[in-house]
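Structures are listed in the sections that come next.
Shared between the two complexes below is chain A, which has chain B as its partner in the first and chain C in the second.
This part shows the complex of A and B:
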């Protein structure tokens, strides 16, 4: 491909504008996060006077110490870790066996099951909020982390299944056939031979599901009513509506919410394309 | 494999045949049970709520009301406002997400030093939890802590710094900008994947034939991207139309319902008014509209492929 013209000047102009546009995208992507960080380390007394300065004249950690020691955020954080972590593990296990069966078996009803899973990816989950609340309430699963885990697991299984299937599709069938000739059952072959080969896929699926469960807001708002069962988004939002002037503290809490998501993002970055094509609907 | 009384050979044949039939279903069953219990059953139950009076705070509610919710809906200005807002929100977000995502994908499709790092950085917004993206952008638009109103004033776009999120005429731009920020990576990634699957020889051959950059883009790049573009645009339209998180976080549908979309209106009815019956009626209408949209797109595509051949 020869987009850059032939003469050195044309080349310089092309690459100059290329880098300029890239830089604009990088700034647009990172500036809001940079600002979050900046306000979180700005002392309260100069927050307004130095409102638009790129970096405050003094910085402080007091917002972080407040959030970590005086507020409920460590508790919300732990709740979110439990919910997102359990959801990620359970979803990945369920998705691994389902994705494997999609990849290896032809069976009656498969088309219907695949279609069902595809449709769930498209439909407005918000319309399930009321009925799910009504179903979970008598079971004692509202205002409970278990309830959230069940709901999130179900929501994430279809996408995670297609993702895992794409990894299984890349592994030759001969491998488990050889293992089965050696006397293993298919499930043993799957567990001992195939699954270890898809460990990168398992890690990517864990990361995607963890990030999705960590971010979920609307069902958590509806299903959780007490501080004890609040996840991070619910806690942060109630903090915002109660103490809407403590910007430094809110933003310090925001930075904390960003950490696990970003850590997982860096981990799964290599698999982004595969994940997004598997879950094209999900985002 | 359980050891039975049958001779080894026959036992092997029977159990293998049986497990051959049953095995796939065993693998699929946990997922199927979850989806049916947590998605399919609530969906059917929700559709039945649309015809019932279900308010959580009213213990006497629960009876059937027939089409009453839908009749209320017909005269509900807030609902029709939400419909119009949904269209505005969806196409406003989509247009910018797609255009900027495509430009970014084209930029990243060329090899240059530091490309991997840049790619990770520009894709980062996609990993930011949506509630945080919403809050973060709400703060960016807030004149007390955010720089944007001050910049707009300096540029002469505003007489004095104010929060566009509290101006009914401008408020929708807040969530849309946040959505663009959040959604560019998605389009960039999918389009980049499609770009990288185009055979390089095609460009080389076209260069030898003396094609210009623009000719190559129009006759090679675009036709190759077209299927990806069509499918992602259709799926994203549905996804964004249902995506209420940013609006709930940033404006809660306000001021004066000016940013209320249908999805956030359903959430408001269920979560704040605890009127599950009415919320479900709106949800049923939304489902029908989305279905009609999907069928319309499919019919259109079929008509277009027929026109081609």
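This part shows the complex of A and C:
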């Protein structure tokens, strides 16, 4: 079927509306980010006085300077990097191994394990806060980054496993059999042949888990009480005082918090794009 | 190079038996073709030899050593997969040298081996390419090359040509044969294409439902099929079967009386008794068309298929479809009546109940049956 029509005008209209729709979507998706940026560079004194404008009449870096030098923010930020980074790596490693075995082996109890993993995804997290707190407290894991990492890993492993499984499913079984006949044990075949081919999947999983852990607020708020172990989403709340919300500083912190996530995706995007297309079209 | 012995090998998936006690001795240097319809267990047997599938019971030995518990990597065999299973992230040269690299072979030796094999297979210009930049036929060659480079004890092939077009398949068929003559390596080749089986095998192993039906040279299998299954599976165009009863006259002449009352003379068969239900099997080239007054059996013409070299005449005889091969160029009108005869020296009598062939009394007891 030729959707774009034949005459040049028809073609122009087709491609014009095509790009118009993409543009509309991009504007819609990115507008909040733009607003974040705009508020973060607006001086406090004109934030409320200028009304709604697309760009302030004056801009300033003072919100950023304050956040970086006067607040606890760099510390929260480091905590978040540690928590999200470790969670992403540990979860992906566990998910790679379990996803592989789900994809390749038939074993007793497989159905039960899959069902259990699905069930864990169905509970509203709020329900689980109290029991998890009860479990972690005697172990000394509340108010600690380790505790957060454990909880995040536990919550992300099921979905990450299914994600990895689908990537392994896309790789023909013949490949590791050929590798085994060529002189590998099964584990060596997995590590030397299958894993390199699953890099897009690994990158997608890393990215997914990293962002989930990076922006998680509920557990970070409930399990951690001290500043020392707070992550940045909790830190953001510190800009909300009893009497006012310091929007400029909050937004500046928000923009800064985007940087590692962006950097991370920049790092993995090469694999990610491959991965998404490879998953869409088999072969 | 090594011999392969399979003794009473059984494979079950849970309660389902896929292979029921396979016994097979493969000589050193022999080219064995496993042939049979889809799902009969050919791949399963091959994968058990490779070590990719556990053996439920029985023994498999390679070169005199029982390998039941050995991992694939320790069996020193090479396998060519139907999907080729080339490593997509490696170049052609890396694909072919991978096994040698794992064995820590010296660099120069690897280079020599690769150059040599690439020469044989005509891959020299493609060594730096990735598999995705190759045609199907070239991929197939790389897969072959990857197996050859290793100089393994035995080669296993699982339908390596089934993804190629007809012409390429024909070409690779003879190339694989030539390679085998050159390397003399023990080979087990799985196919469901009976032409591949006929043209390539030293011995054919015909399988059905997880049981070996017959083992023999291509000509043995073609000329003396052990049972109706083998007779119908091997040969193209396929054998014609006519059910009837066995009759034997006072003078010792025998025949099969078919549904419309016609009597087709046959050689007296071993172990056949008068009035026994038998099935007559005749290959298209063993049925002839004769003049109307020469005593043939009347049959109605259904269809004439000219094939260039020869012509295939489809007729109905007592309601059964019969195919006749002829080098003449007959031009019978559809529905006309012609007369046909059967070459009594060449046609077969099968016991309808046991499906086994009842060889003529003149034939020595040689045909191996399952």
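Heads up, the rule we're going with is that the second predicted complex is superposed on the first by the 225 of 283 C-alpha atoms of A that agree within 3 Å, B and C clash if a C-alpha of one lies under 4 Å from a C-alpha of the other, contacts with A are read in each partner's own complex, and residues count from 1 in each chain.
Following the convention adopted for this analysis, a contact is a pair of C-beta atoms (placed from the backbone, for glycine too) under 8 Å apart; a residue touches a chain by one contact, two chains touch by 3 or more.
Source: prediction; values computed, not measured.
After overlaying the two complexes on the shared chain, residue contacts for A:103 are found with neither chain B nor chain C.
By the touch criterion defined above, A:185 lies against chain B and chain C together after alignment on the C-alpha atoms of chain A. By the touch criterion defined above, A:166 lies against neither chain B nor chain C after alignment on the C-alpha atoms of chain A. Look at A:174: by the touch rule set out above, it reaches chain C but stays clear of chain B. Counted by residues of chain A touched, the larger count belongs to B, out of chain B and chain C.
Within the superposed three-chain model, A:193 lies in touch with chain C and out of touch with chain B [touch as defined at top].
Within the superposed three-chain model, A:205 lies out of touch with both chain B and chain C [touch as defined at top]. Contacts of A:230 after superposition: neither chain B nor chain C is touched.
Residue overlap on chain A between the chain B contacts of one complex and the chain C contacts of the other covers 185. Against chain B, in their complex, chain A makes its touches with residues 1-3, 15, 18-19, 21-22, 25-26, 28-30, 32-33, 35-36, 39, 47-48, 51-52, 94-95, 97-98, 100-101, 105, 107, 110, 113, 116-117, 120, 122-135, 150-151, 153-155, 157-158, 161, 185-186, 211, 214-215, 217-218, 221-222, 233, 236-237, 240, 247, 250-251, 254, 257-258, 261-262, 264-266, 269, 272-273, 276-277, 280-283. Those residues of chain C lying in contact with chain A across their complex are 50-52, 71-73, 77-79, 81, 83, 85-89, 98-99, 102-103, 146, 150.
Interface of chain A with chain C (complex): residues 172, 174-175, 177-185, 193, 196-197. Residues of chain B that touch chain A in their complex: 1, 19, 21, 23-25, 27-28, 30-32, 34-35, 37-43, 45-46, 49, 54, 100, 103-104, 107-108, 110, 112, 118, 120-133, 135-137, 139-140, 143-147, 150-151, 181, 183-186, 189-190, 192-193, 200, 203-204, 207, 213, 216, 231-232, 235-236, 238-239, 241-242, 244-245, 248-249, 263, 266-267, 270-271, 276, 279-280, 283-284, 286-287, 290, 294.
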